[in-house]
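For reference, the structures are reproduced in the following blocks.
Below are two complexes that have subunit A in common, paired first with subunit B and then with subunit C.
Up next, the complex of A and B:
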């Protein structure tokens, strides 16, 4: 079952996944375990925390893109009735590098008083020069610096060859925010030297350590160790890479709570969330591609630039996916802007790489007069997993009906409505993170799976339940999944698509070890040895002989008063074949454009993805659906709009920071590459499907219009400008 | 939000007694979809908030010889369910449907739609109605003006009227009734909207001590009407440009027309040029396009919004074709 081409050199292990014919829960379409809690409101988030005496924290944030604090006076705020504490974050002399930088924080009895308190803090700023836009390098002044140059092969020769066609263009993708619907923040509650944080975080195992380290340097809390801080995250309203650590406002909440002796809750206001809760860096580039007349790509040259805020922006991995283009030169310039700093955004730097690469390659196919499907198929040998991409391209083409829908550019229809289709390919790692799982089998038959992991809404809880129940021969309801608490065995941060591989592997190992213990305890009463026993269908029985069996409950009763507790670890010495790393995916988009208005509508997206063994298909597909929807938002709507004159973001709200609604996303077809791919074990899924949507839509728009809208988002003004209808000047 | 006094009067007369002579003394609370966000953003901080919810005389829709009387506190979602509105005023139905969230349609009122403040992001972010920095420099002309005015923007007001119902009501020849301590006055909706020359005044002809009490739409008399909104997306969003039209027909020929654009100027924009272009014509693709071109012939786009000229033309053309049953 395990194709040697996919994973070589592994030997069978007792911890392997059960073969397909023996899976009763894995790969079946279970609903997510916490669906009803979310639908009914029973699920409680950090914002819902309302411990007795709770104070509300609010931040004063910098109104300027770049300024120095000259003086700060908090006395009026401190006098306000209901204000319990004020702390200065940016003392006089501090240089603030972006609008939204935290300046001070107020804790008060109500949110309203806290806001009033913030407004009573007097700050004198020395306003300094700023840059908040980076697309036009000529206007970037002294805020640029060359940051990378890479060379391979002989670029001059490749482009000068007489048998190549050269395509040249400008491509770009803007900065967007994470726009988490649940803002960043937490509620901090002290009990003596112990602090509990009800946090919206992707890392219950990390935030406490971050906080303890800072508090240990504070007078009064010098004895605080990581073990004194407990972090709880039962439910998350989105992080996408922006919620890994204890942020400054989190630390201030804990300090305010310690100082006042009361619980303090501080979650960012919407404007602050958009200003500083995280941003995906931009990337713009002038790119040349050389290809032979048969379609083989032979050369790549790019001059790119980007910003991720004050620290500039790194070069995305271009050329993307087609990494083996023989001759290539990439130069990159980092632009430092006075804007909210970058944070990892669901597949960091990959959307940017996909837009620049797939856009340039799609234009090359056009210049060659080739159908891009044929062009990409022709060049899959330049990728690290040509066979997978070939299979995925063909599957996606079938699901999109590509052959019928594709047409050469400028043949998108005779009326003012034009249709087009586009392709993008992507890749991601998704290796399992470190994870410990504790499985407890109690004498009453109840089972707990405990991990210091967190479910970001991805289905982590459901995956753990399925793996434990499958392994123990129980129904899904037979296992209580206990996660979202740093008191449980440590499991990694949920980022980089590492969680599903980590938690499924540790849970599988812990469950097998715990079951082994149970079988040993039960064997004598069934007159056999543990190695002859199996757990199936809620019973423990002699393999192949259902007449010699006990119900799960009766079997567990044999434990007497002692429960079984076993820890499973990922990674483990006995590696087994539980997880792997490295996936490919192909997406195709179909758009319809009203050329009189420049409005683009995505009609259909096909997302074909391999991610090894899929434990929970419904939550996996849900991940892909969410990823595609996020990508549509980015392709068409999302934009951080700054005014360079005043250095302010004008749409730090949910009114003009535009997102799609359910009526704007069209049909989304998800196809998971399973079967032969299962043998690789579990691989992460969160990031890969989020990479291609902007690029696929970008190419579909070019196919529909016959001209390329060069930068994302493809708003009506830009579409009309590309059509020569008077766009943005 | 600044603390405020809250009043819940039962009659218009009582409410009028609670208003001040200056803006900022009292704020009228209808559905709250605009006032509350203005207060939360400290753009407006009235000392007293006067709720209109308890005033029965501001609710309900009834017909009279003068036409259809719509109380200022009628909720948009209720108005769109009214039989007469559905039968006679397709343009109004489309305009209400364009208020793009069910929550806002369920809370927002007719009076609130007409009196809402502009959505200009400079105004909402504290740069005043005309978008000026602390040195008095106008920020809109060289700033982010993609959604700003392309007509009627030669003065300091560069924002666009956000009213969804305004263009449709003007095209239908509606009037508003305004109550004050000295009695009622009736104003054409077209004249109700004004372009302010002072950043501290309003975009409507309403004094601080007056209340808009009802809208009266004359009987349609068989006039054909339609609204077309150019929208980037279905989910919560403002249209980029709209047009509402009303056509008095003589057979297949336009006897007289009203063409009113939305989201293109500081007020709904009644285009007499388009009306003239249509008189005596039948509606087809080319006459509709000619009227659209006429409507935008005097457009003065800003640095980023020339595309809106095209969008507004499309709105006019498509509204006309829809009214003529040729969409």
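Up next, the complex of A and C:
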């Protein structure tokens, strides 16, 4: 019989996950390993770095959306007491493409003086024409560019058929910013030719290489190699896709540090963080869907457009999830705007794709007079994993009590409070990234797991600890997890939900290899051979005979003076069926809307998610809860607001860039499809549950009001405007 | 580092003024305008009378933090938050919005939770300042901190110390909170990763733990 941990067609391997009945730590509810350090303030982040003599760096940023630097004079800043260095980033002649572009940087003894220095820099700008708003294509002037057209089947014929119902609508989602609580940046410290960066990054293995490449072109640091740069990230305060590379200001910190001979710390101030620390592109679309009277979707047409800043915005993957709609035509226009450039946002392009697709399909169900649950169930055959979605739709419906709560549109209640429910489906890959893990077993019994990975708050440390301890038969406290340092064996960047598959697989392999070595060393003293031994419950014993055993500590003492060091790699050929790729999820939202104020409240969200084998359920559930809450922010509150007249962002602060508070998020029910798909191994989880919340809430609002609020976020002004167009019927 | 008494006040403690809620306190600070300060009524009166001018250079400032007095020299414009973080290496309170919005820098000043980014260090003199560093250690956590860990009320952890201090101050005043009380009373702190569900439960669990313990 095929072991539970084995995928179809693969051969069993000793590296496979232990079967469910033999797991003592995997799948159990452990507290995150670094929780006490975070809860007591002992955790040190890049922003917390205080080294002797440390200088504070501050940026001068462009106040204009589009301008050319005519002249720049830093002499007054340089004269200021306490200012140690000033560097020009945008020399005369440089064209600046968005408000917030770095212009110059000051290093000073205190933050206050550094800011004074920035204020003393005199810049003359030639202000150039700008575009900062893209929803109205008619006002986009020459900044648009057709970027994609895809065709499948015969769209004209599908829409002209006599037996189809056609639903047509407009759908949109505005740009949001990452708004990481710890801003982008780092502290740079030189020791001779070696540079250490305390960086707020999702990629300790990448930032050093980025920096070395640039500095190698500077006089004075021409000999620098990636190996000269060490990157440390023990803790980092949020990235969500926006913190992979060395940014320009990071490079300037390293240069300022080299120039002054002092450590320099520069993390963005809040306005700069919101202006250029990362943006999730917008997306807007005019969409037509054709479906037969029985609910089968047969045609899709979309004209979409978006911006990701100066480079325009790509087409999201639409139609989303229902990728096998037989006849479809998608056209997309990229709009270049003078706004902070896009960065990957938790499941890049998928939130937008879900909003456009699920909005259009929900309207189609309405036009057909169908319950959207039945409509989506009817069409799961058009998705790449119909069985998974069917099971998840039914589970979510049960947890939401969908049958009791759903009503046809315009029956949201007779008073001024309207209620409604909505559905969205999503998909993601989550394939394991490349990862090396070093396991060290010391003669004193201590164990270290070392990986050049980083924990963004997802629980990476905890996952590594669980896997190593489980494999070595130790309690979770028996393994020291050492990550967040580029000196450890290389592991991938933490993005795209690739980390958990990567680190769990490399840690599993390294732990088994190291254990094999230990068992070989111990076997003679137990009068047996290594293949007869197992490590369980903190002991090394003969399998099935606890009387012949040594404590872990006594077993390790047999190593004499020599520690064991083994590297485990992901990927590795024919070495275990540890991870997989591709998941589905279904979410449902219930909203309550006050039609007098236009305020939408999310009462309940149900998130049903498949991600293969769940190593650490407690932190995994936190990932889903957090994803839903972020999605509620996006659906109802947050957006980057620009004024076209002046070309400025109006809410580059946290007072008017709105996030949800603790009272705004209602009840959230998380259901992980554990047990069902364990045999697939570990699959990433960070992105998928973050995709559906805006779309599910979008549809719930339409269900409640009887009219669609077309553009997300669904702020009270838009709700009232939609009602004004006849939604209160 | 001195211990906090079980009644939540410092040994040198000055209990907070009654009838001054956290929300109205913070609201006054925000409504005060662009300047990120919150003068006490006494200081404001002094200012109106054309009182003494501090600075602009560094001046001696004495801060009583977690029961211990720290003497430092900072410019009068330095915020309590920057004094803690940049001059005393007490980096538990985080600088995030720097404008009295997000609560990541919450400390307890004279018994009341305040946004340390919007209080000047000079104004905090003569008052008891409680920071996360005085509450507990990873090895010996305060019940509020333990409740955060047990409920996984944290992800990246950057909002966590501020949230912990806000919960501590909230429970000092509201020993028997309901879920609704928690939702309202902790509305002054923001989280980006989305840990609110855990924080709500942590606050309720900690209130029970504190009642069952020495505070009963």
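Basically, the second predicted complex is superposed on the first by the 716 of 729 C-alpha atoms of A that agree within 3 Å, B and C clash if a C-alpha of one lies under 4 Å from a C-alpha of the other, contacts with A are read in each partner's own complex, and residues count from 1 in each chain.
The working rule: a residue touches a chain if its C-beta (ideal position, glycine included) is under 8 Å from a C-beta of that chain, and two chains touch if they have at least 3 such contacts.
Every value quoted in this text rests on a predicted model; they were computed, and no experiment measured them.
Visitor: For A:648, select first, second, both or neither according to whether it touches subunit B, subunit C, the two together, or no partner.
Guide: After superposition on chain A, A:648 lies in contact with subunit B alone.
Visitor: Between subunit B (first) and subunit C (second), which, if any, makes contact with A:179: first, second, both or neither?
Guide: second
Visitor: Which chain, subunit B or subunit C, ends up touching more residues of subunit A in the combined arrangement?
Guide: C
Visitor: A:659 contacts which: subunit B (first), subunit C (second), both, neither?
Guide: In the superposition, A:659 touches subunit B and subunit C alike.
Visitor: Check whether A:637 is in contact with subunit B, with subunit C, with both or with neither, and answer first, second, both or neither.
Guide: After superposition on chain A, A:637 lies in contact with subunit B alone.
Visitor: When the two structures are overlaid on chain A, which partner does A:596 contact: first (subunit B), second (subunit C), both, or neither?
Guide: first
Visitor: For A:112, select first, second, both or neither according to whether it touches subunit B, subunit C, the two together, or no partner.
Guide: After superposition on chain A, A:112 lies in contact with both partners, subunit B and subunit C.
Visitor: Looking at the overlay, does A:720 come into contact with subunit B only (first), subunit C only (second), both, or neither?
Guide: In the superposed model, A:720 contacts subunit B only, not subunit C.
Visitor: Check the residue A:47 against both partner chains and state whether it touches subunit B (first), subunit C (second), both, or neither.
Guide: Once the two structures are laid over each other on A, A:47 reaches subunit C alone.
Visitor: Please write out, lowest number first, the residues of subunit A touched by both subunit B and subunit C across the two complexes.
Guide: Shared contact residues on subunit A (touching subunit B in one complex, subunit C in the other): 112, 653-655, 659-663.
Visitor: Quick check on the complex: what are the subunit C residues that touch subunit A?
Guide: By the definition above, subunit C touches subunit A via 30, 75, 77-78, 82, 85-86, 89-99, 101-102, 104, 131-133, 135-139, 141, 145-146, 148-150, 152, 154-161, 164, 182-184, 186-187, 189-200.
Visitor: For a test of understanding, state which residues of subunit A touch subunit C in their complex under the given definition.
Guide: Subunit A residues touching subunit C: 31-32, 34-45, 47-48, 50, 56, 110-112, 179-182, 235-238, 240, 269-270, 456-458, 618-619, 621-623, 625-630, 653-655, 659-663, 665, 668.
Visitor: Give the list of subunit B residues in touch with subunit A in this complex.
Guide: The touching residues are 1-3, 42, 119, 121-122, 124-125, 127, 133, 137, 139, 142-144, 146-147, 230-238, 240, 301, 303-307, 309-311, 314.
Visitor: Applying the document's contact rule, which stretches of subunit A touch subunit B when the two form their complex?
Guide: So the residues of subunit A in touch with subunit B come to 112, 115-116, 119, 596-599, 636-637, 641-646, 648, 650-651, 653-656, 658-664, 715-717, 720-721, 725-729.
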